[in-house]
Structures are given as C-alpha cells and as structure tokens.
Amino acid sequence: MRAAVAGASGYAGGELLRLLLTHPRFEIGALTAATSAGSRLGERQPHLIPLAGRVVEETSAAVLAGHDVVFLALPHGQSAAVAAELGEDTLVVDCGADFRLSSADDWAVFYGGEHAGTWPYGLPELPGQRDVLRGTRRIAVPGCYPTAATLALFPAFAAGLAEPDVVVVAASGTSGAGRSPKAHLLGSEVMGSVGAYGVGGVHRHTPEMEQNLSAVAGGPVRVSFTPTLAPMSRGILATCTAPAVPGLTPAALREAYESAVKDEPFLHLLPEGAWPATAMTLGANTAVLQVALDRRAGRIVAVVAIDNLTKGTAGGAIQSANLALGLAEELGLPLNGVAP
Amino acid sequence: MRAAVAGASGYAGGELLRLLLTHPRFEIGALTAATSAGSRLGERQPHLIPLAGRVVEETSAAVLAGHDVVFLALPHGQSAAVAAELGEDTLVVDCGADFRLSSADDWAVFYGGEHAGTWPYGLPELPGQRDVLRGTRRIAVPGCYPTAATLALFPAFAAGLAEPDVVVVAASGTSGAGRSPKAHLLGSEVMGSVGAYGVGGVHRHTPEMEQNLSAVAGGPVRVSFTPTLAPMSRGILATCTAPAVPGLTPAALREAYESAVKDEPFLHLLPEGAWPATAMTLGANTAVLQVALDRRAGRIVAVVAIDNLTKGTAGGAIQSANLALGLAEELGLPLNGVAP
Amino acid sequence: MRAAVAGASGYAGGELLRLLLTHPRFEIGALTAATSAGSRLGERQPHLIPLAGRVVEETSAAVLAGHDVVFLALPHGQSAAVAAELGEDTLVVDCGADFRLSSADDWAVFYGGEHAGTWPYGLPELPGQRDVLRGTRRIAVPGCYPTAATLALFPAFAAGLAEPDVVVVAASGTSGAGRSPKAHLLGSEVMGSVGAYGVGGVHRHTPEMEQNLSAVAGGPVRVSFTPTLAPMSRGILATCTAPAVPGLTPAALREAYESAVKDEPFLHLLPEGAWPATAMTLGANTAVLQVALDRRAGRIVAVVAIDNLTKGTAGGAIQSANLALGLAEELGLPLNGVAP
Amino acid sequence: MRAAVAGASGYAGGELLRLLLTHPRFEIGALTAATSAGSRLGERQPHLIPLAGRVVEETSAAVLAGHDVVFLALPHGQSAAVAAELGEDTLVVDCGADFRLSSADDWAVFYGGEHAGTWPYGLPELPGQRDVLRGTRRIAVPGCYPTAATLALFPAFAAGLAEPDVVVVAASGTSGAGRSPKAHLLGSEVMGSVGAYGVGGVHRHTPEMEQNLSAVAGGPVRVSFTPTLAPMSRGILATCTAPAVPGLTPAALREAYESAVKDEPFLHLLPEGAWPATAMTLGANTAVLQVALDRRAGRIVAVVAIDNLTKGTAGGAIQSANLALGLAEELGLPLNGVAP
C-alpha cells in the first residue's frame, strides 16, 4: 500500500516517515510540505538516510491523490480542505486537531472559528474504539497530552473507581511545540529549565481529555490541566490524579489496571514500586503506566510515559491506520524504547 | 562573623560555600565532611576557585566549635548529635530534615525512628515567621519542595481563597537527590528523560507542606504530592492547585498574590500572561510566581520556580541566618538568575 | 539462530538486546550478568518491554553454551576465560577490548597485564576486512572512538591524501562510560557541561586508532587523541584532522570519500555544506560523514557522527556477526536515527 | 559611573546587565535594542528581576550619549556607526567583531566588506595588553572562541615551547549562536546532540586566534579550527594542540603554565590529573586550564573551559572596562562557577 505524508518536513511528518520506512506493508509515496517544497528531504530530515535524496513537493490534493493512505501532519485548520478533495475510499489520517472534538461549543471556546466536524477518534485503547476504527476511511489522531492522560486514567474511570475531578500535570519534550523557529523554544532557553505554559485551563487539549474520560466514565469529568515544557526533545510524563471512590483499596485499583492493560499490545503496566520515565518509551509506540492509591490524600495517582511523537502522534496514527486497513494493529510499530 | 560548613563536599555544602564566598559579613571557617575528609576541596568543588586548596576536615563538634554560625548539610539523622555539642549561643542552621516537623507522629510515619525535636522553621515568608527567626540560635531549613509549594500557595490560603484539597506536582533537577553515586541518577539515565518517583503520598516532604499550609489556612490542609525528576541539574518547578472558594474572581486572586509578595525581597510575581521557568532563578535566591484561576475546573493553579539549591536550601539557610544574626535579610544573596 | 548476551544489564548488553529483539534471524537465548543475576531484566532495562519478565542468570560458560552466537559485553579482561570454554564452532563476539590490539607492546602500555591475543577485527568497512570476517567464529568488536575515527579518515589514507600526523578530538555521550555508578557521571555533574578526560595520549583507544589507520595507510600513523564527555546519553562526534598531501584539491578529496562510501550500507556522506550531528544517528547503525579541505591550515578535516552504542558497539557487533554467519550484512540493523 | 547597554535584549546584553547589577561602581543607565524597543526588559530577560520594569529604548547615539561607559552588544557591522557618534571621552566597549582584527585582508576574507578599523584588544591576559587597555576609551572585546584558544596556548607560545601548527576543536553552548530564532538552534534539534559547523577553516574566529598567537609567538601561527555545538546553554571547552618543540619535558611545560597564570586573577590552572569542564565556570569570569604533553604524538594538548557569555563576552568586557577606567581589574566579576 502506498502512503503519502503531507507535512513531511515537520517533526510529526518526520516521525511518520521513520516508522513507515520499516513498516512491512507501506511504500512511501508523495512527500509534501509548504515552505520546504522543492528541497531535498535530507535537508530537513537528515536522520532519514534512505529518503535523503527525495524531493519534497507542494502540498495539494493532486499530489496526494492516488495513495491508499494519506497522513496529514499540517498546521491546525488546514486538514479539512485537503481531506475534502481526497476520495472517500482513501484513508485519511489527520494528525492535527481539526476533527478531534465532538462538541462544536468546545471547539469554539478553545480553537475559535468554525468546527470542521468529527472523525473517528484514533485511540484504539478506548473501550469499544477498535470497532469504530476498523474499516474507517477517516481518522482523527488524538493530541499527545490527551493520549497520555486518557491512557493513564481510563482504567480507573472504566472501573468506576475515580471521582470526576481530575488534575493533570504533564511535562512534555519540546518537539511537541513543533519546528517553527520561536525564541522561547531555542535550545538556550529550554536546556536546563522546566517551565509552565498554557496554565489555568486554557490549553486546547483540555476539552479533549474531558471528552475521552467523560465517555469512559459515563458522565461529565472535569479536568484541570497544566502542561510544562521539559528539557528533552521527546517524551511526555503525565501525572494524573483523581479522588478515589470511598473504600477503594490498593488491590482493587491494581486489579483494575492489570485487567485494562492485559490484552493491550502497547500498554505496559510496570511492576509495583517502579515508576515510568519517558526514556523507557523513546521512539516506541508503548505507553508505560503505573498507579498508586494515596490514602492520606484520598486520591488515585496514575503516571504515564509516552513518546509524544510516536504513541502520541505518528505511531498512534499508524496503529489506527493498521486497524482501518485490516492489518495487524501492531504492524511496523516499535515496542522498545531507545535507552539510555 | 565566622561560618563553618559541615558537609562541604556535597551539593548543599557547595552552594552554601558559593554564597558565603561573596557574603560581605561572613568569613569561611572550618569545612568538614565524612568520606572526603583529608582531601582538598578543589577535588570535589572545582567551581569554588578561591577555596581549591582548602583541606576538608572530619566532621566533629570540636572542629565546628568556635564559629558564629555552623551550617549543617549532613545526611538526615546526623544533625542532632552535632548540634547538641555546639554551644547555645552558636547559630546552628540545619539543612537536613531532622528538626522541620512539629508532629512526632508525622515524623514516625514518614521518616521512622525517634523525632529529634522542632526548631524555628526557616521560611521567613511565612506570615509571622520573621519574628520567630530574629535572634534565634537554631534554624531548621525547609525542604526544597515544601519551600516551593508553600510559597506558591500561602497567599491563597492566607486570604482564604482556597479549599484545603491541594494537588502538587513538581519537577526537580537532579541535584536535589544529592551527590552519592546511584545508578538511577547517572547522566545516561536522567538526560532526555522525565520520570516520577515517590508517588502516592509517600514522599517525606508531604507532611511538611501540609504543616505549612495548615498553619496559614488555620485548619487542616491535605496535600497530594508527586515529585518528578527532570533532566536538569538545578531547579524546581511546582504546579500547585487547590479548589477555589465559591465566587472567587481572577482579580481577587491576583490582588491576594500581589499583596502577599509586595514587600518580599525574594518573591517575584510575574506580570499576567507570563509563566515561571526554572532558568529564571538559576543560582538566585528568588522565587518566581504566577497564579491563575481555572474557572472551568474550579481550581486555583499557582506555579512557582526556585533553584532547589539556592532558595530551596543554601540561600534560604543564609536568608534565615541573616535574620537570626540581626543582619539585613537580603545580605549576600543573589536576586538574579544566571540565564540563559 | 539462538543468541546469548553476557552482560545483559549494562548499556552495551541492553543495546544488543534491543537490536536482537527485531532481528529477523536471531532468537534471544540466555541473558547473563554479574551483580544483577537473579533479578528480572525489566528492573535494569525497563525499555525492553517484551523481555521485562526474563530472569538474568549468572555469567558462566555453562549458561552460555548451546547458542549459535554469544555476545560478550563484559568488563575488560573477562572475555578470554569465557571464550575459552565456548566451542570453536560457536560464534563469540566480544564487545570488550581484550582481543582488539595486535601489538602486545601496545597492550602492555595502555592496558597492562598479559595480552589475551588478537581476533578478527569487526569493522567491515576497513578495506579487505569483510573477507576476514566471513565465516569467522571469533570477532573483536572495535572500540567506539576507534570506530568513529577510523571511518572518518580511512578514505583519506586509503587514497594517499593525508600525512600520518592525525589529531582526533571527540565528544562522547555518557553511556560510553558505562553504567557503574560513579560521582563524576551523575546527571548533576554532566548536564550542562562538556569536560575533557584522558588527555595527553593516554586513552586506551589511541593505539587502536593508530593500528587501523596505519594498516590503511601502509605505514605508521600517529594519533593525538583527546576525548571529551558531552551532556547527552548517546552519540560520538569525532573531529579528525590530518595534514593534506601537497597539491590536494577539494574535488579530489570529495571524490575519495564518495568512492569510499559508495557501496557501504552504513556510511552516509552528507551533501557538501551539511555537517554531521549525533542526533542524525541515534539508535541507528549509520555513520554520517563529511570532509573538508582547510587550505589555509593545510589540513583535511573529517567529521563523523555515530551512535556509540549502536554502530560504535552493539550494531557493529551484529553487523560483523551477520557477516560471520553468512547473513546479509544489513540484516536487522536500523538505518535511520530517532530524531529530533 | 553610568553604563549603557545597547543590545539589552540579547544574550550578551543580558549577561552584561546581570554583571552590572552587582558591580559596585556602575549604575545602569540606558537599555536599548532594536525589535524589542518599547517593551519592558522583563519580557526578554525575566531572570533580571530588579530590571523587570525598565523600558527598552531604540538604539541611537542620542539615547546612549551621556554615559561613562557604553557597552555595544550589537549584530556585526553596527558598532562603527554608533561609536562614531559617541564622544572620544566616553568609554565604548564593543562586544562585536568590528574592531578585533588588525589585518584588513583577514577582515575581507572572513567577514567581507570594508574593515572598520582596529581598537585595543580586550584580553588583559595577553602579554603587555594591560598597558594597552589602561586609560583607553575604545575596546574591542575578543570573540568567545579566540578567548578560549588564546588563553589555552599563550603560555606555550610565550615560552617558545610550541610549533606554530595549531589544531583547535571547541565545543560551545548554544548561547554563542545568539537569540535570533533559527530552526537548527531549536531545543528539539540541539538537545541530545553534538554537531559540527563552520568546518574547514571558514569560521570567522580563525584569523583572530592566529592574530593573537602569532603576536605571542613572534611569528606566524597557523590554526585549524573546528567549532562544534554542544547541548548546553553556556560554556566553551576548547581542546588546543600544537607540536612540542624537540626535547620538551612535562615539567618544563607545567612550569611555563604555572608561571603564566601565577598573577592572573581569572586564570586557574588545575592540579595535575584534573581536567576542565565547563560547569566549573558557569556564570564566572574564570578560565580553567590544564595542559599535558603527549610524548607519543609529540604534541602539547591544552584544554580550557570558560563561560562563553561571561569570560568569553560580557565578563571579559567588564574586566577590560575596569582597566580602562582605572578600577581594580577584578571589580564586580564572579570568580566562582554555579555548579552543579
């Protein structure tokens, strides 16, 4: 099957290509971008050795047509127009935010402008979601933070163990902020420093977390979400806490998580006493989880580590694409992190 | 005045010496340590150029006697014995945990063993605390995380704006874990990685946060605290959230924080829209603060950045020592971070 | 074919296992170690998800027997005894230094003690070396720095373009120093800092560079080598310079390098004007090269980036093992770095 | 004395201000910049707490007039015009390259365009240079790499111990590349990666190194210089090697260096066996040195660590300004690094 990547010179696009290069069923077709169109891919993605000489084309429906899968790694707001011109039998996988939210109100508050619509949400681990994704031709890849927070807490909410007053504080590597040169993302600024941003409930990934957890809980879940930027290129560590229901025991909590991850190829619950670190997941499609019950404070604390570009974006995109195309869900996706 | 430093070869000891070297009123007397006794300080603290040739002595009351101030930067549990042998008119400033907690029960639960006692708590910014510290001859320097969390939330609790159900998630640089060689603290392990530890309410700094905030709130405050280790040598960024009291407005919240920091030499509230990053405080005794009201989630979110070794340990120690000795509180303490 | 890894809990062992996990022809057999014997591999290598539950055994010839390949990632000096007990038809691949040097004198000067012998040297890119490696049952994997320096300069020496007065300055990630906890390798020490060590021609990899380049040059080559430690977990960037022969032109130099890398699966010469960075090679078996002629100073400057654990150790080991076992040389080895 | 800083929103300007804030004899006057004119300094330099509210003005001679000292931290090529309008009795200290080179030919080759002239060179450690700087009203602050390389090798050349065929390979933190947002300087690109640039004798600091060392040697010295970018914000570690004169002994080499640094307030020669790391100098005006004789390769290897923004730019500027103004050379300049 032939796969095109729109946005091939950015970080999400580069990660898609890295994974596609070793995927046994995909052949890499068109590579497109905006400002870097016309240049060799090697100028922007020098780590993708076999593609170094490939010329990047201008993003357009004409160039993207004729592929079995088109991955869109475009700035927010650009996917709808491109997707509209691609045939309904082409699988379109959007790594942007345009089609993630089901609530037009949330869209208006957090993104502004008109809501483009809602596509099947590409998080196969959500209860029931694999059936939604099998055979679909449109996929909205989740945001990186919502991927992390949802994977951390869905076992607790699915089992009815948590109250709907969630606090999420997450540290992200800088690649999550993209490749556009901005002064506050310079190496000189971010190295040796952890900083907060988007504080106070204003980050756009907040309603997406609420959407996911509310669906699992069967009722509204409120999330206080604070993102921070950490001095690393990749990785998200999300600390997610919610009040425990009365009487919850550590054993019952552990059992809920063990049960939730049991058949999941990309969820790895650590043994008790070990805690996730992002290095465990570098370049892998794996989410590493752990959970504890803080009886003194009456809260469940779940911690998850993912690679924001792999499980959090490109790997998650390919995982859902595998499902949509009837392939084995794990196909072509690394399980192991590159460490140390 | 002559100052001795016990534990001179560790990170806290090194930072004490760095600050004492430029303090206008202290002369550096005895330097003591355990395993590095007998060696030149330059072997362990090569950044302290003027002290490179000084010989480190064995820690003992005999060596530490005869100074106006003795700073103890020893492993937990060793301060009481040393302090007992120093005269009552010697100012003893303990950077360890031994005398921080007022509750023997909390001590037993979180540290184990017998509680050594309670000394005046060296956080001058706590309401009323300067009066406690002036003239004292014993000071318990706060833990680094409690310093951060207390400074972030005391304005809200002092003004009665927050409910006592606090969640703190903090990222710390690795120097907070000390200088003993341990595999999980190797550069290869920590670079490029954020990881959690001490999750679930078991970190020893938890009851100290509760002690401080409860005192300010005038009633029990519960804290769910999760520490994480970030790939940087220094710095703590603490994200601290508590439910807002009904009807709280952003303006009232801002006003409470502005009022709380107004006369504080080491608290710096950023302009609205800017957020703390640890690099702002590197090597400085300054705590940089910001606060927001998340109306959707109903929570106050306060974020603070400090240097864990400066304001979080050695700078805080000297700030309190200045007060105890009748010096200007700011004397010899850097206000400005080293950035970028 | 079944592969055993001795030293499975160290960094080289972990990287061998990461690569073996996705190698299409190897099945992972015994995992052995010293101090961590008896524990689960997941405690030391949490990024190797599918092996998390495997128990690490004590290193012994009995445990290692019965495999087609045994990879030794042991401390220097331990390989000879283990290898002696393994059958001559078992492929033994030693990632240590014991069998790299052909000169017993060099061994005595740089390592001390008795020279264990010399095995076929596992750098297939050296002219003529593939013939040596095909079918062998003993392989000495090159040191990480010699791999870098040799790949950077062999094209110049093979073409007779360089004088034998080489200066190599290389920056290495900290994983090259291994996993034993040492104070100077703590994250707090290495982050934000580049430092020199082993200066003045005393680093053990010096004679190995000389051995390789002398063989290519057909006469003695002297190397001044200075290693430095950089704040990253992985990667070596080696700047290698030698006087140019009189009359050398940039075009002739470029042509020599293009010709040298033309058929090499793991050597990638960048387009003119682009320069190697270690991130291009993270987790890959690729060496990224560039060369320039500094006419003003009369020197060739060649720069190479590798991942010290992959091409510099474990990937190189598997590349040579593939050759020895009659497999395709590239089998199971990643070409693309994980970036950013 | 009143000091103005032109270029106050960049990294060099910020470091000048950090040092001036605690300098006992300077009062901070006008702060000027280009694009950030009109904004509060706190927006660009949030670590400079006491200046957070100061308004940045447009750079112009009118604004800069009336100060005792004007520090210029402007892009190359802009200093001459500003300086021409400032009175001859104003001390003008240029942190840019415009007035560093004495050879108009070198200027034409390496910078292009017309040579603005040559000002007294602000490296007091160069033999005889203090006499040049005392009382001057124009100072050209050396480049950061030339500061490092010159301090590393001047003792050897001054004592006639080295042949004039120098190889310098230096690792720099990213702040040396300035604050303009560029894609290759993003944190995501530089973290975890060391890369080369400006290879092959083309870096502009090359002729400046040759100028300095030739003056010391009393004859032409050729330098092969390769800069690399390391994953840290600050610091330069330069490995500088030159052939030893015949018969040189380690003792004679050591003696030359000890003698050269003996009365230098900012040069610190480490004890034998210890090697410089940039962390030793973070935020300090100190250069930390070590030297070895590699008898096998016949080369002197000198290694130096400096903070590129302090001793390499702003600290060096103030050191020379102190001399020019008749103040104690060390006034207001930190000796100790901030470590770890």
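Order of writing sets the chain letters: A, B, C and D. Residues in each chain are counted from 1.
As a convention for this text, a residue touches a chain if its C-beta (ideal position, glycine included) is under 8 Å from a C-beta of that chain, and two chains touch if they have at least 3 such contacts.
Everything numeric in this text was worked out from a predicted model, so none of it was measured.
Participant: On a CA-centroid basis, which chain has its centre farthest from subunit B's?
Facilitator: Result for the farthest chain: C.
Participant: Between A-D and C-D, name the chain pair that shares the greater number of C-beta pairs in contact.
Facilitator: Between A-D and C-D, the larger count of C-beta pairs in contact belongs to C-D.
Participant: I'd like the Å distance between the centres of subunit C and subunit D, where a centre is the mean of that chain's Cα atoms.
Facilitator: 37
Participant: Can you give the whole-Å distance between the Cα centres of subunit A and subunit D?
Facilitator: Chain centroid spacing, subunit A to subunit D, equals 44 Å.
Participant: Of all residues in subunit B, which are in touch with two or more distinct other chains?
Facilitator: Within subunit B, the residues that touch at least two other chains are 11, 175, 186, 188-189, 191-192, 231-234, 277, 279, 282, 340.
Participant: Connecting every touching chain pair, does the picture come out as line, ring, star, complete or other?
Facilitator: complete
Participant: Note which residues of subunit A are touching subunit C in the complex, please.
Facilitator: 11, 14, 18, 21-22, 40, 42-43, 45-50, 52, 175, 191-192, 233-234, 268, 270-271, 274, 277, 279-284, 286, 288, 334-340
Participant: Which of the residues in subunit D end up touching subunit A in this complex?
Facilitator: Residue list for subunit D touching subunit A: 11, 173-175, 177, 179-183, 185-192, 231-233.
Participant: For subunit D, which residues are in contact with subunit C within the complex?
Facilitator: Contacts found on subunit D: 165, 167, 169, 171, 186, 188-189, 191-197, 199-201, 206, 222-224, 226, 228-235, 237, 239, 241, 275-279, 282, 290, 292-299, 301, 303, 305, 340.
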